[in-house]
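Common to both upcoming complexes is chain A, partnered first by chain B, then by chain C.
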Partner chain A sequence: MSGTSRAQLCFLLLSVTALRGHARFLDIQDNDISPEGLLSLLNSELKRELPEEFVYRRALRCLDMVAVEGQFTFTAERPQLNCAVFFIGEPSDIISIEYDSVNIDCRGGDFIKVFDGWVMKGEKFPSTQDHPLPLYERYSDYCETGVTRPIVRSSQNVAMLFFRLHQSGSSFTVTFRKLINPFPCNVVSQTPEGSFTMIIPQQHRNCSFSIIYPVEIQIGELSLGQHNDLRRSILGCAGSGDFVELLGGNGMDTSKMYPMADLCYSFNGPAQMKVGCDNTVVRMVSSGKFVNRVSFQYRLLGHQELQQMKGNSVEDVCLRA
Partner chain B sequence: MKPVPLVLLITSVLLTTHIPLSTCRPRDLSLMNSQLDDVLLNRAGDDAMSYLVGEKLLQYLQRNLGAQKAGGVLHLPHFPTAQLRSPHEDNSLEELTEFSKRNDDPPISIDLTFHLLRNMIEMARNENQREQAGLNRKYLDEAGK
Partner chain C sequence: MKLNFLVTTVALLVAFPPPYECRAIESSSNQQATDPDGERQSPPVLARLGEEYFIRLGNRNQNSPRSPADSFPETSQYSKRALQLQLTQRLLEGKVGNIGRLDGNYALRALDSVERERRSEEPPISLDLTFHLLREVLEMARAEQMAQQAHSNRKMMEIFGK
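The block that comes next holds the complex of A and B.
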């Protein structure tokens, strides 16, 4: 090998091992490169900031539900031992919670924990089968990691904050933002009526769309796998790695719900089903070999329809307490 | 040293230093703690409350294990009815027992009916829509200037 080609090879080897790059897009306005703009390249978080006067602010309650972006402050007027705030966004959002200022006594037993999902009566959404992280990683405690990692992101459009403040006068402020999720998996619907298309692009995961109302679901299009494999439909859904199931139940945990229908072959054209349960879930199981897609609409079941369903069925699968 | 072997040496050093953090684990106390953590969490299953108790236990052990490092036997506190062994026992054991006594009041879950949850979502949506309408008005006012 000649000297120059050896030198070039050495240089190539060195560059391959030494360089790790991140591509970053910088939007320049008015042909003006400001020092802040350049310094933002070093900041790993590109924040979508609203001007100060446009930020929504309000006080947080001990039991609260937040669907609007903004800054929320909780001040304890008396000891508050069991408080929970639910955050919900649109189906294609993920939630970002940032601690702005926290004035609590960690050693005195105060805590602020963010949970990646919703917990109700001990049941979690998404269930442990549907969520990429193990349970203990879904809780993030301010007292442990809040200072080093002040921004917590959820994996879906719902998140929760649990907190306990013993002393009156303790307070904290969080900023709640919604970020775009291009392939939403695990959604809680804000409304009893709507439509959604769930796409799992060659990922080995299970995704659930939860509607916490009794609804009629109309599946418009189901595309499982690349080919309409007749062989697969003969095996039934149990053998298939890619299928869609309709679940109904009275809790948040999809693994504890009753299967109402299984769909394991692609089809076009509406197929509808009424599910008279407090929680109706469309769940897609994907092997990761194909791009799977399901489009569906849902509407609230009226009181009369529910009564009719109760009258028709011998056994009420979804018992009401 | 000749250039090519030197470059190969630098290459190998740089490649080895790019090991992702997850593959490096300290081989000492924290390894055992993570095993204990797993045992507590897996045995307890999905119960969020037992996770919290397990976490407290872990914190207690981490604080006190330094003193017992020599012995191979772990003296686990008997909870929920743990007795304080000596007046010098630190607060964490008290904290742990007090905590496990509150088993019937789990702070990491909330009892809500679906009816209440639906109402809360609707109120939050209304708040969001009001705020979005206000923002839209402000943006249009700004754009109109």
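The block that comes next holds the complex of A and C.
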């Protein structure tokens, strides 16, 4: 290959990788792109491999929450029969869990299972209505598929690991990574305060943004693809294929939460509401015919605000104002 | 002869378990060294439930007498201890962190350590955790994330500075 052709090919590949966001993996030494570096650009499974000294490592606890990428090892010093680890990323992340080394006795009753979502007291997030997979497919058992499928990916920014180890000395190591999700749908917020814009681009799906704190929500902009129809005002949002609802409850399952408000008309300008529940959710239902978007901010309710809401409320459900 | 004696002992222990599992565990932990401030390490009740996280918070026995040195603790230690006591109390009441709920009595499984239970047909679909504790572990994870980010930034600056 002549020098000119090679330079042109390099430039073409460089442009393509820049557009795909993989240019950071180029390895340029001595002002010359190596053939290996060129060929690696064609690999769609590029991983964000860090040098060994930059990989974060620590031991896992029986009950744990992990928000930082790295390698995590659990070693059973005694039988551990009921352990769970929560994984969480940024709203625009999905989670990848890779089994690095596993030393358990599957036949002896040990197991490691990854759940696509969070489950607490029998309630799952996302709910079965909002998740693309049926419930049985959301569990991934290492003892059944771990060897052939060592990498498990979530559908949203949260996942869980359940494990049971009978023997002292049993152990396993997993690598936790976060991958980019360009259109996040179901999200659990890491923080009690923040802002988010949820976009459903012509997809027939339901998306929920869950905040596990009592918060005040301020919706800044709502854009639903349908035209405003005054006749609908009598029926509310019933029958509307595209709407946003505010939910409050004391569990993780959005299908079991109380509707605090629903919005089925586009508008600009802040509309705010205080929801004094353990879990506050902004849920968008989309028919798939339109591009729907909702932008909102949220902040933690103070103790005094909650007390005031409690004093003003006559209902037994979560407090709202 | 020795084997027969061992088998007989195991059979008697299985047939007549100690009335209070806590007491049996307490008697073994009494032999451990006490803390420098004079308080005993509480029995590993939390460990039995597999919740190592709560042991790391502190394992003070709420029934043990407090030494005079602890009469006026610092505010942060006091609030932390109050949280620990609250967690321990609620744990013992079974309201919090009872992730073994679906598996029944943990103590019986400890006695059956010789037998291996078959892998459960049903997946462990749930974890009994309150939102309060979920937020606690979430905030710990966030603190860890920020600390790690600061550490990574420091490393990067050291590399760029060379």
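One rule holds for everything that comes next: the second predicted complex is superposed on the first by the 262 of 321 C-alpha atoms of A that agree within 3 Å, B and C clash if a C-alpha of one lies under 4 Å from a C-alpha of the other, contacts with A are read in each partner's own complex, and residues count from 1 in each chain.
Keep this in mind: contacts are C-beta pairs under 8 Å (C-beta built on N, C-alpha and C of every residue); 3 or more make two chains touch, one makes a residue touch a chain.
Nothing here was measured: the structure is a model prediction, and the numbers come from that model.
Novice: Sticking to the clash and touch definitions up top, decide whether chain B and chain C on chain A clash or fit.
Specialist: With chain A as the common anchor, chain B and chain C collide in the superposed model.
Novice: Counting only touches as set out at the top, which of chain B and chain C does A:Thr148 meet: first, second, both, neither?
Specialist: It touches nothing on chain B or chain C.
Novice: Identify the partner contact of A:Arg6: answer first if only chain B is touched, second if only chain C is, both if each is, neither if none is.
Specialist: In the superposition, A:Arg6 touches chain B alone.
Novice: In the superposed arrangement, which partner chain does A:Cys106 touch: chain B (first), chain C (second), both, or neither?
Specialist: So A:Cys106 only meets chain C here.
Novice: Which holds for A:Thr128: it touches chain B only (first), chain C only (second), both, or neither?
Specialist: first
Novice: Quick one: classify A:Arg164 as touching chain B (first), chain C (second), both or neither.
Specialist: After superposing on A, A:Arg164 lies in contact with both chain B and chain C.
Novice: So, does A:Gln304 touch the first partner chain B, the second partner chain C, both, or neither?
Specialist: It touches nothing on chain B or chain C.
Novice: Between 26-34, 80-88 or 116-124, which run of chain B pushes into chain C after the superposition?
Specialist: With chain A aligned, chain B clashes with chain C through residues 116-124.
Novice: Both chain B and chain C contact which residues of chain A?
Specialist: In chain A, positions 54, 56, 63-68, 70, 81-82, 84, 86, 88, 109, 113, 119-122, 139, 162, 164, 190-191, 212-213, 250, 278-279 sit in both the chain B and chain C interfaces.
Novice: For a test of understanding, state which residues of chain A touch chain C in their complex under the given definition.
Specialist: Residue positions touching the partner: 53-54, 56, 61-68, 70, 78-84, 86, 88, 106-111, 113, 119-122, 139, 141, 143, 160, 162, 164, 166, 190-191, 212-213, 250, 278-279.
Novice: Per the contact definition, I'd like the list of chain A residues that touch chain B in the complex.
Specialist: Residues in contact with chain B: 6-7, 10, 13-14, 17-18, 20, 54, 56, 63-68, 70, 81-82, 84, 86, 88, 109, 113, 115, 119-122, 124, 128, 135-136, 139, 162, 164, 190-191, 212-213, 250, 278-279.
Novice: Mind pulling up the chain B residues that touch chain A in the complex?
Specialist: It is residues 3-4, 7-8, 10-11, 14-15, 18, 37, 41, 46-49, 51, 55, 95, 105-112, 114, 117-118, 120-121, 123-125, 127-128, 131-132, 135, 138 of chain B that touch chain A.
Novice: Mind listing the chain C positions that touch chain A in their complex?
Specialist: 47, 49-54, 56, 97, 99-100, 103, 106, 109-110, 113, 116-120, 123-129, 131, 134-135, 137-138, 140-142, 144-145, 148-149, 152, 155
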